[in-house]
């Protein structure tokens, strides 16, 4: 393939920015252009990401539409609330790159949801970057909408894990979606590089730390949005993330009661999950008796999934492991970008993890 | 106080055995007698527990009734299925020490439960060693039954965490116990020292690893037994433990719907939990807005608890952190033993943890 | 014993402050008085140290001589450079408590050393708080000088580890001290709670991170000072600390050539170390073939030590493990304080660690 | 490039075997053939390496010459002592593949060294697989000898780290090699999957654990062999590995005195190291003031190196970080194999790490 595309990354000194650069370095069609940062402008990328040897000497420029202009693709790895303005400034310059937003600003369809959970005006809705998402109304997948998209909103990492865990059962009408319970073991890189006391190594090592307990996490409405896309009429979910001492990884345990009148065996349940992902290059339903671990997903764009029926409890238990920075952020972004640019969806993306 | 008691520990080379020795070394009334082991007999305690400096040179004897005889108290830290035989042999020798079983053999009241989850004949039921357990039928606590007890079955560590999380709401009639969901982040010491590949450091580091998913964990019927003690008519619970890379600690996230007709605010809910544990020396309901972490419980016999109402999800979310080896095993054992011997319940037990 | 002492702690919200409170809570003679902080004044101790259940509701007062006045003992857990001023202000108020400085200000005897490594004026020299330190000129130990001391400077944590590793050989004249090499694996709590990017959990997990390489670490002159106390004429040491993903613990590997003309076997070497610490309650020379681990020292005031002769390399290799916050800081402080107050040196101090 | 080669891997269920498969999956010329195991024969590769999604369903065959026959390349990831027999059996079948031994059997040139450290007969010497190794006698590098090699012995992982740290100074005649001191922080995967108590997660988490202290480690003679290749007349080194709680990574701290009569500044020293590796694709000398971390090397075949002169101590301190499974084992193997097969040395090998 001789096509190639240039790509600028805004917010290159953060973890999401670094991860998309790691993936783009291995992408056969990507030419890495401007790298920008806010307070870190003027420093070298190697100061922040010494693992990115091939870009270590690149100097970070200030984040501005002028610097980002002139690229085929612009990736925004910015704090919440910043991406809308940058996109508008690019348009004002007459630029129309494909813009991929790794932040939350453009994920939600419903402005009221945004305002309830984020407490600020809604920036608008972009094409949602989860290719595997079931779109019940077209009996298709979100990848169809990503073909040719010019503005892409990459999902929240926890949302991707929970959606992939539950949507086969939702799409098949097996689950009661009005009383979901999800608990996630999450690594620290999901919290970014902000300097907060609870993110210090001394606090994290040897501990398990819940946060945003009681339904306040901003990923809650996005999960509901996705499961409605997959066919749910009403979605209510309890959602509890627990920080555990790993740098990467999300292990989502998601449970739902069987929908009224549904009678299904453990084997049948697994067959439904297996069928739902049979053609998905980046979702692996594990063999019977095997359960996902986050270590097996490290560095890879693959989600590992398993499901069981707990007949005594009357609940389906689905577990998904992903690398929050890859399938949960930068890998999902590249996968969506491939679709937007008309490239093979899997181009340049690792399926195999780095373990142990 | 001039009373003192001699205590032998069978299974002293394992983690539970080591932990009860750590606590007994600081107990003002305990005199540590025979220490026994199975395959490790003949080695020094310091070979297995180099942290126990004061006992490092003690040689482990073979586990037998003869060696364990002649003590006021015998603690059994043995694999499942072994404690019944040892207790019987002690009786056959005419010995009648207080026996504290850290294993599972004598926890369950219902032999059918035992057989369903353990697949072997039931050894019988001993006095359950969770002093804080609500006993609804007497409107009291389990500590009343522990006074003067001669045979004590220490609860499973996960069970203690889940019970303490939920029982205030159960006892107050606030929760629908027919559809509980519990997910636990657990440290590796709970799995003991058995040499299994998935317990290797290389596998554990950087990973989150679920196991016994789908309702097969042996702690499930014990949770139900406890919540029935606290007043539940019927208990059904989904239960998913997730190994996380810490050596100690359990963080239990437990959710329940409000019982039909119950209307309660977040503040009222916390007041119920706070009242339930107001007089408990080893349960701390955290201040509003603070959530338990396992690091804060390390080395201590204290459970940290917090609760919230997730109104959108329609669920109460209760979180408990404990040190699985202390409040979850050896500390709970000493606390129960104190009660059995008529000593102050808190004697020799640490309330403050070792952190960071 | 009916004597008791009141103690105030300045800098109570930091890790060193929290640790000395943990120990003082278990000290039978200590009455904990004022707790102060700088930016955290007005918050509760439990906000910073949720593991200290017994003090969780205590409100932190601003650090000032007025607040610290009226106590028998004042512990200063302050940043470098702050303790001299506080001590002077206390004197100005006519106060003369025993003052224990956990910081570096008063450790060094030689003002030129201080200025070379710290770059600021020297605050003066207090009685050095390492009771086990050999004082060659009196053929005694530092504990003799600590009896009745009114101003105590607690050693640097790395210094304690290296000193205990090497001083038996120095005191016996076995080692060439002009070319020592020390490399230390150190936990993150030694770096305190300062909000620096390299101290974030995401950076620490899965990594080993050297710092202050090339002889710039401020503990270098203090090591030399101690080994001169133990009998060395001239001391030169390479010193490289490596952060490893643990919250606590220092494992110091210290090597020295045998002094010219010395011929000694491995067994004889170990006998020298064993004899040097035979009467020390808080130093354990391990059995032959056993090497220290930091896990075995967690929470304890005990240093674990072992030594070997590497005949091929021509070097003695001595290894010490300590808990940096206990024997390395707060435990060493309490031990020295006990001596200063005429109490038994071991009073209230744990010898056994918390493991695994 | 249209050439391709088939490769069989013996010992595929271990960590080294899994890692070379991960790399070969991304190698554009490799076709993965037979995968064999000993006790794990008959199981699926995914049972042992769930991260290798693309090979998860491959069934492991028994390790035998018959199964390994018919491939262009055979990689042996076997315990010490097993590779010589397999190679002989292949020859007996008339097979002559390129054989790459990840084990120790064929690394040492001197049979007496082998017998002194391994205690068994020497299997012979194969072409040493460290392309960057300086060969002073030809004023070249080892890569010249690897061109066209048919039998390759991959270095020990610790040896690679120490060699790369010190050889620039050795080759330049700057260092006194008769008194080297090396201390290494090492991750647990280097110890393999053997089921030993000290490799359990509970023992590893929160600890730093030295082993083979006092000069007994089998990598000692191999380090000497390499530094003699780089120009040293006599090599004596103290060597202390310390297990730290990471799954991957080696951080080697290596120190040497300047050779008699050498006078060099810190800047000049760094210039020597920088020049030595200026053309090396897989060795990065970091910018001034930056020190290697193992996290930056995870998953990559790149060694990160830095050096400083500690003028006060009179020692050069060089630090190298590598991923023990990549540059230390499987990556170094593929790099050497590329050379042996006449392929570009860097083909299929990652230079950038996976962090955080």
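Per-chain residue numbering starts at 1, and chain names A, B, C and D are given in the order in which the chains are listed.
The rule is simple: a contact is a pair of C-beta atoms (placed from the backbone, for glycine too) under 8 Å apart; a residue touches a chain by one contact, two chains touch by 3 or more.
Values in this document were obtained by computation on a predicted structure and should not be read as measured data.
Each of A-D and A-C has its own count of C-beta contacts, and the greater count is at A-D. Equivalent interface to B-D within the set A-C, C-D or A-B: A-C (over half of contact pairs identical by residue number). Most remote from subunit B, judged by the distance between CA-atom centroids, is D. Subunit A and subunit B have Cα centroids separated by 38 Å. As a whole-number value, the distance joining the C-alpha centres of subunit A and subunit D reads 36 Å. For the pair subunit A and subunit C, the distance between C-alpha centroids works out to 46 Å. Contact with two or more other chains is made by residues 15, 188-189, 202-203, 205-206, 245-248, 293, 295-296, 298, 356 of subunit C. Here subunit A touches subunit C in the complex through residues 15, 187-189, 191, 193, 195-197, 199-206, 245-247, going by the rule given at the top. Those residues of subunit A lying in contact with subunit B across their complex are 179-181, 183, 185, 202-203, 205-211, 213-215, 220, 236-240, 242, 244-249, 251, 253, 255, 257, 266, 291-296, 298, 306, 308-315, 317, 319, 321, 356. Contacts from subunit B toward subunit C in the complex involve residues 15, 18, 22, 25-26, 44, 46-47, 49-54, 56, 189, 205-206, 247-248, 284, 286-287, 290, 293, 295-300, 302, 304, 350-356.
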